[in-house]
Amino acid sequence: MESLLAIVVGILAASAVYLMMARSMMRFLFGLMLLSNAANLSIFVAGRLTEGAAPLIEDGAEAPAGAVANALPQALVLTAIVIGFGLFAFALVLVWRAWTTLGTLEADDMRIAEPKDPA
Amino acid sequence: MNDRAGARGNGPLGLLPAAFALLLFAGFFSLVPTISTGAFVRVSWAWAPSMGIEAAFLVDGLSLTFALLISGIGTLVLLYANTYLAGHVHWGRFALFLVAFMLAMLGLVLADDLILLFIFWELTTLTSYLLIGFSHTTEKGRRSALQALFVTGAGALAFLAGLILLGAAAGTARISEIVGMGDELRAHALYLPVLILLLAGAFTKSAQWPFHFWLPNAMAAPTPVSAFLHSATMVKAGVYLLARMHPALSGTDVWLWTLTVAGAVTAVFASVMSIRQSDLKQALAYTTLMALGTLTLFLGQDSGYAMTAFATFLIVHSLYKAALFLAVGAIDHATGTREVGLLGGLGPAMPVTALATAIAALSMAGFPPFLGFIGKELKYAGALAVASEPVLVAGAVLLANALMLAVAGIVALRPFWGPAGALPRKPREAPWQMLAGPLLLAALGALFGIYPALLQTSLVTPTVISLTGSAEEVKELKLWAGVNLPLLLSIVTYVIGVAMYIWRDALRRGLERAFARVPILDLEYDRFMAGLAGFARWVSATVQTGRLRDYLRVTFVTALAALAAGMLVAGIAPRLDFTGLVWTDAAIAAFIVVGALLAAITRVRVAAIAALGVTGIGSALIFISYGAPDVAITQLLVETLVVVLVAAALLQLPLLDAPGESDHRPADAVLAIGVGGAVTVVMLAVLATPLDRRLSTYFEAASWTEAFGRNIVNVILVDFRALDTFGEIAVVVIATLAARALLVAPRSKAEREIDVQKEAAE
Amino acid sequence: MSEIIAGILILSGGIFAVIGGVGIIRMPDVLIRMHAATKIGTLSTGLILAGTAVVLADGHTIAIVVAIIIFLLLTAPIGAHMIGRAAVLTGVPLYEPDHTEAED
Amino acid sequence: MTPELFLSRTLEVGFALVLLTIALALYRLVRGPSLPDRVVALDMMTVALVAFCGLAAIRFRVTAFLDVAAVLALVGFLATVALARFAERRKIRQQEET
Amino acid sequence: MSWILALPIAIPFATAVLAFLLRHRPVGRLISIGGAALLLGATLVLLAEVVEHGVIAAQMGGWSAPFGITLVADRLSAAMALITAIIALTVSVFAVGELGEEAESLGYHALFQVLIAGVTGAFLTGDLFNLYVWFEVMLIASFGLLVMGGSPAQIDGGVKYVALNLISTVMFLTGIGILYGMTGTLNLADLASATDTVDQGLLTVVAMMFMVAFGVKAAVFPLFFWLPASYHTPAFATSAVFAGLLTKVGVYALIRMFTLVFDNDQAFTHTILLWVAALTMVVGVLGAAAQSDMRRILSFHIVSQIGYMVMGLALMTPLALIGAVFYLLHHIVVKANLFLIAGVADRITGGTELSRIGGLYATAPLLALLFLIPAFSLAGFPPLSGFWAKYILVRAALEVEAWVLAAVALAVGLLTIYSMTKIWAGAFWSPHPDGRDPSLAQLAPATRAASVWPIATLAVVTVLIGLFPQPFYAFSEAAASDLLDPTAYITAVLGAPT
Amino acid sequence: MNSIILRAGTRVLVSLLLLFSVYMLLRGHNEPGGGFIGGLTGATGFVLYAIACGTKDAREALRLTPETIAMGGLGIALAAALLPGLAGESFFKGLWLFLGATEGSKGLPLSTVLIFDIGVYLVVFGGTLTLVFALEEAV
Amino acid sequence: MSTFATNALLAIAWAALSGSFSLITLATGFGLGYAALWVVQPLTGRSRYFGRVFAWIRLIVMFLYELFVSSFSVALDVLTPQHRSRPAIIDMPLDVKTDAGLLLVTNLISLTPGTLSLDVSEDRKTLRVHAMFADDPEGLRRQLKSGMEAWVIDAVEA
């Protein structure tokens, strides 16, 4: 499964990169979502996969009974998901604002800060 | 700019700068007895010992000569300027810059540390930039200032490199040590680079051809500046450097020929240019160039004659040139013009100025009994002492001298005693402060001409000692050295010079024609700057296109290239391993992939959102399958909220891509696949190696026993790595605050204007 | 015995789930798909969760399973109501027995 | 066939059927054609995911996965509500504009 | 120890919380300034501790390294924290003069303080993932500050800034995942030794990944686009703090990672850095030469100057690293100040486009003087701070006979002069096209004080470094030796090797 | 949103979601859950509230502005992190107090770690609502 | 449902979730539920105190029965080649008054496959239902009214 997930991560990344280079900033956002997803999965799989056993300690036990999933990457991914959510939310609002302020979602039309014909 | 005295004077405070300069002069003057014995004075402080840099100052013959010229002429110039710029609103900063310049110049000639020398060198550049730009309200003034800065600045950079290498070659930054290491340095592998780089600095600073063009333009500055910087001092910094390095670096063929050729070409070229000028100040500016060429020429040599000639002419030139500049300034100040064609008949109105000018001009023309004569004789003697090509060198010097004579005539005769022209203002004599300088300087030229021994013992001999290391090489300064070849050459000079003065208009016309085809370097400079600006614009427009998609593409290409380069150079070992693959996993992977591809392909926003939801759900399935319930829950909650947010934002956004969007972007697709592929390959290589799980092992053991939590992931989040979590919630707070700022901020005026435009377009 | 019961619950839940899935593909308009999908889906999930409760059979699990089923019964119909309302309001073409399948 | 074996087999079949259901929903999601169609598909996936959690809890004997299911059951419909409301409001705004 | 390492992060956070909760009252801004002053005190103590005791480390939560998160300060990070505090204080004062109540009620001070916390966090953390978190804190705060005000240019610039930085962020995150997957650790000091036993080829590939991720943050060629696209759009106080600090965090991260962790294949990685450095210097300065807006010129110069710092890292000799450290410290002060000055110029002349402004030299001499200091320092004019920075680097390049690099560094200095004088000529020397006589007297006294004092303070720092380079050089020397031989760093974090 | 059905359901669901979110928060140290999950769940409740009844009502129900809650949460988390420092321990060190501890059970555990997690909860809760409310009001 | 009852229910739910029905968890649940209800106070309308056990049981049983039966009938339609359905949207007068009652009626109608509550009119007098098998709209209307609604009214409002 680790190898398979590595391939899945690659496909996610490829889709994301393709989306991010699209003209519409909405598609960029979608690409961003996918890219974060790919990054999260890559951390998760980099910590190696252990089927099933969640890193929980049974009542009365001092430590997990058997082999459990690697907890550290889970914590990292969790952190990364929440951070990614914050960043995505901001980016979304920014794109929305770009639409209301600049009147476009097209990346190519966003030329206010760097005008085509510099004075 | 208002060069003319305004209604207000500067008051007694205006004399302070001159008094300060005088004080300095007096201080240096008091050192003359010590230095004239061939001794030197050195003071130093540790400044940046870790870098091997000292704040060290050395007074020897060479530096004292310069210091006296700088502070002495500085005193007179400041005195002069006080009247020249009386009542000017910017008198204060002018005086400040001028004094600062003087101090920098003094530091330059006194510094006994390579880096300290450079620092003062650059300070003179900076202060002269500000001084040349005194007439900053005109485009011309700004251009001249920049040109001077740019050319000398460029040289200075080479110079810095040269100094660093010199320091490295010598193993010390102490100049007084370096000058004694001539033999070692000349044999050093770095000799040639050091020499070339230092010469680049010296030649640009001293306006040697082909870097000369900035100097005449620098005449945009007020006259006191021209007199001080561009005749007496700053331009001589390059010459000073060559003289200072003479003991250490001279004596090689490269040194000899570079300095000789550059000096000779500059001298002749400048003399010729000088005669062409109709602006008195410009004419003088070119004679300064000529003098610098001549000085450089002598520094190319080793002979005692050349060294003595150098020392003498250095002083001579400073005296008469400063006097003439100041006098021309007085004329300008009085009449409002410096045009030769307009000026005439000023003699009766400005008798003192006329006298000072005449004396200085006689010295410049090289007539006895003025110091200029002695200087000229020594020049010929020095030129003839050149071992290899005496005729060529002497010929160049002769031509230059003759032209100087003609220019002296143009400056001293025509304006005062020629027919009166249409002057902008009725002339009257300049006030005493403006006369003191020219008179004193001209008088000194006469004094030293009649009593050359005064100069010989006090400054010339010590300077030659600095240059050659001993007093043996010094030649005597004499007004009458008997009938010899130099005297004959002098007479030839007079004849040719007078002829040139008489037929100056014809000569000028002839030169116009002759120079018509020579490229004018001043214009070449403009072309270079325009080219530079054009190139910069091209680079800027090519790189920073303003289009996000270009930026993104380059970024992804760079990332891919970096990874690919790493893989190709370092080599990695990816391994595919599908053992133990469960079919449910394959199905989940397939969901994610379908979701991702759908999101990438569909042009319908809602479909894309749903597709993203699928990849999210797929990821959650993986998290569930591999024991990460916390992550799965968080992922699902976040997915849900993302849908809520997107659904809200989408209310105002278009649901489809704008028409015209081509979704066939094969190049992008290739790039995307490349990036994805690279990520996969790296991941596979990593997964092929074993993982050290000691961190998690520790967490598993400590989670309950030490941190009292059974959910290890949560314990990591709130205890083991709580700092991460803290940062993370800060991200959440700030992200939402930032987004809120965008959402609630009232729309700006500019936005409303855009709205109006949009409406108008519809 | 509990394994058998759980197995049957899981199997029937799974079968219902697939029927819901087929329904969502086969049914002629969005409202009918919803009848088929969302609600049969809810039933199937309920069955499978019941199976879970039977297998794990501790108080904690049962409590959670009951909670989940309550949650589902509370939320699923509200969601369905919202979709149905939206479909009608936005004028999604609805199936009439005599006409062919409609798409927008 | 022991009861245990029966359970593990049915469990496999259960996973298969639930995943098949998600796949069928995915098909509807891709096809649409209307927004409510897609929302129905997403909703169905969410519910199927709850079932998947239940199955995972059995397979790994970990109740924790039911927590995932609980959150999903409680919160998942919010996406449905949001999207459905979006469709409605969008339509209403369009009508207002014209 | 624990206190003094945690305070530079905790103080700005506490300030942010208080300033936000009291944002509708005048005391809110005082809290912001007071917090920055406290931060300055704390970082001073931190630096003193580090100078006295060498590298110091604190284990958060008391969990020993590499299990918990370690905060660690060597000379470089302590100095960076101190400079951050200086910038925080000066800019927070300046902001009072520039920003209105609207920005404050939207939480400007909180965003600003959290930005500062993110920066100090990034400098002080000894943990790779924690570094990522601080990067994110900094990044999201910078997003908010960048677009606060919401003008079309800000939104436009913001989109580019956000888009490109987010890509870098994800790359960084992925890189962390992969590095963890190879080594099983996140602690930087632990990584230093853990990376010795892994597949070195793979490590190089991962190094490239980090190079790109940090390269975007540091704004090196060809990854700098976001910077000139956006830095000229926000409030000047914001530009200033961005210009001073943000890219430097990227440079810091590059230095940290490529001296401590990715030092395995220098022949490859550092050669690439060499090319990056040269191209960054050249392209940045040419970009600046092409601009005619004060802030855009300054923005491109940030890029160009980053090239110098990377050059120091790329050469990787003791002297070169000294130069990099010196450059880093000097440039923060100078660049922030130039943007502040642009802010004042904008307010009294009505813009930053050079063809539409002017006259400052004649009627605002103080501002002119205050501009000259950082401007010529930036161009490497002696005896200002920038001269020493450039001198050391050029010497370092010549020392290893990197002739071309030295020539590039020098030539870029000349072009820097060119654009600084362009500003000088355009905004200061040339008369104002509308015949205005811009003067500081136009500003209300309080605003004037809030604007001029920060600028003057930073200018004084620039001059002091220039006139007394010895302590700064000696410090940089010690900092560079820490970097080249991380034994002390590793020991401070992990304890003495047994 | 003028769906009477949705509004009727919201009444029950919001309470349930809030309750559930606190449950997830408090059990988080030992079972799946914690501040993030709790905060997100709780926020979901008020998001539903806002969707069903409008942000005005939702804000009224919330009493405090969500920004204040989020910032306050950050302050609480910071305080929980710094508190051990005041007690002479490392920052972020968990300080534990077991109320009513007996031989067999540890009693009710109170700790700085829990306070920290409550801070996390408030931040996530308040932050999410800040965003959602502002967005709802803007579009 | 009264506020108190809701609160009690929440307390029980809490205890259920906590996995222990001890007094402490119940009390905690009650407290937390109280807090939650306090928060949603603006929404809370009037409701009654006493639920009827018998009516509830009948409601649940009948609901489950309906759920199964109609699920099968929908499933049958899914699995057979022809679409048997005769969908229609019918309006049904509503007598249920309270929020809880309304929610129960509409949800239960929605949950039973074959019928779906589309909307309630502003005056709460009419429920619009989409029915899959509406060959006899009037019969269906009657069936829902006398079935679901009646059971709910008995359980909640009577």
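Worth pointing out:
Note that the chains are named A, B, C, D, E, F and G in the order they appear, and that numbering of residues resets to 1 at the start of each chain.
In this section, contacts are C-beta pairs under 8 Å (C-beta built on N, C-alpha and C of every residue); 3 or more make two chains touch, one makes a residue touch a chain.
Remember, predicted model here, so these are calculated numbers, not experimental data.
Ranked by how close its C-alpha mean sits to the mean of all protein C-alpha atoms, the top chain is E.
The interface holding more C-beta pairs in contact, when C-F is weighed against D-F, is D-F.
Subunit G has its Cα centroid 39 Å from the Cα centroid of subunit A.
Rounded to a whole number, the gap between the C-alpha centres of subunit C and subunit E is 56 angstrom. If you average the CA atoms of subunit B and of subunit F, the two centres end up 61 Å from each other. If you average the CA atoms of subunit F and of subunit G, the two centres end up 30 Å from each other.
Multi-chain contact residues of subunit E (touching two or more other chains): 13, 20, 60-61, 107, 110, 129, 133, 136, 140, 143-144, 147, 150, 152, 159-160, 163, 167, 174, 178, 181, 228-229, 290-291. Within subunit B, residues 544, 546, 548, 552, 556, 609, 625, 627, 629-630, 633-634, 637-638, 640-641, 644-645, 648-649, 651-652, 679, 683, 686-687, 691, 693, 695, 699, 710-711, 717, 719-725, 728, 730-740, 742-744, 747, 751, 754 each touch two or more of the remaining chains. Each of residues 20, 22, 34, 42, 60, 64, 67, 71, 74-76, 78, 80-82, 84-85 in subunit C touches at least two other chains. Per the touch definition, subunit A reaches subunit D in the complex via residues 51-54, 56. If you check the complex, the residues on subunit D that touch subunit A are 56, 59-60, 62, 64-65. Within the complex formed with subunit B, the residues of subunit D that make contact are 15-16, 19, 22-23, 26, 29-30, 32, 35, 38-39, 41-42, 45-46, 49, 52-53, 56, 60, 62, 64-65, 67-68, 71-72, 75-76, 78-79, 82-83, 85-86, 89-90, 93. Residue ranges on subunit E touching subunit F, taken from their complex, read 2-3, 6, 10, 13-14, 16-18, 20-21, 58-62, 107, 110. Residue ranges of subunit E in contact with subunit A, taken from their complex: 129, 133, 136, 139-140, 143-144, 147, 150, 152-160, 162-163, 166-167, 169-170, 173-174, 176-178, 180-181, 228-230, 232-233, 290-293, 353, 355.
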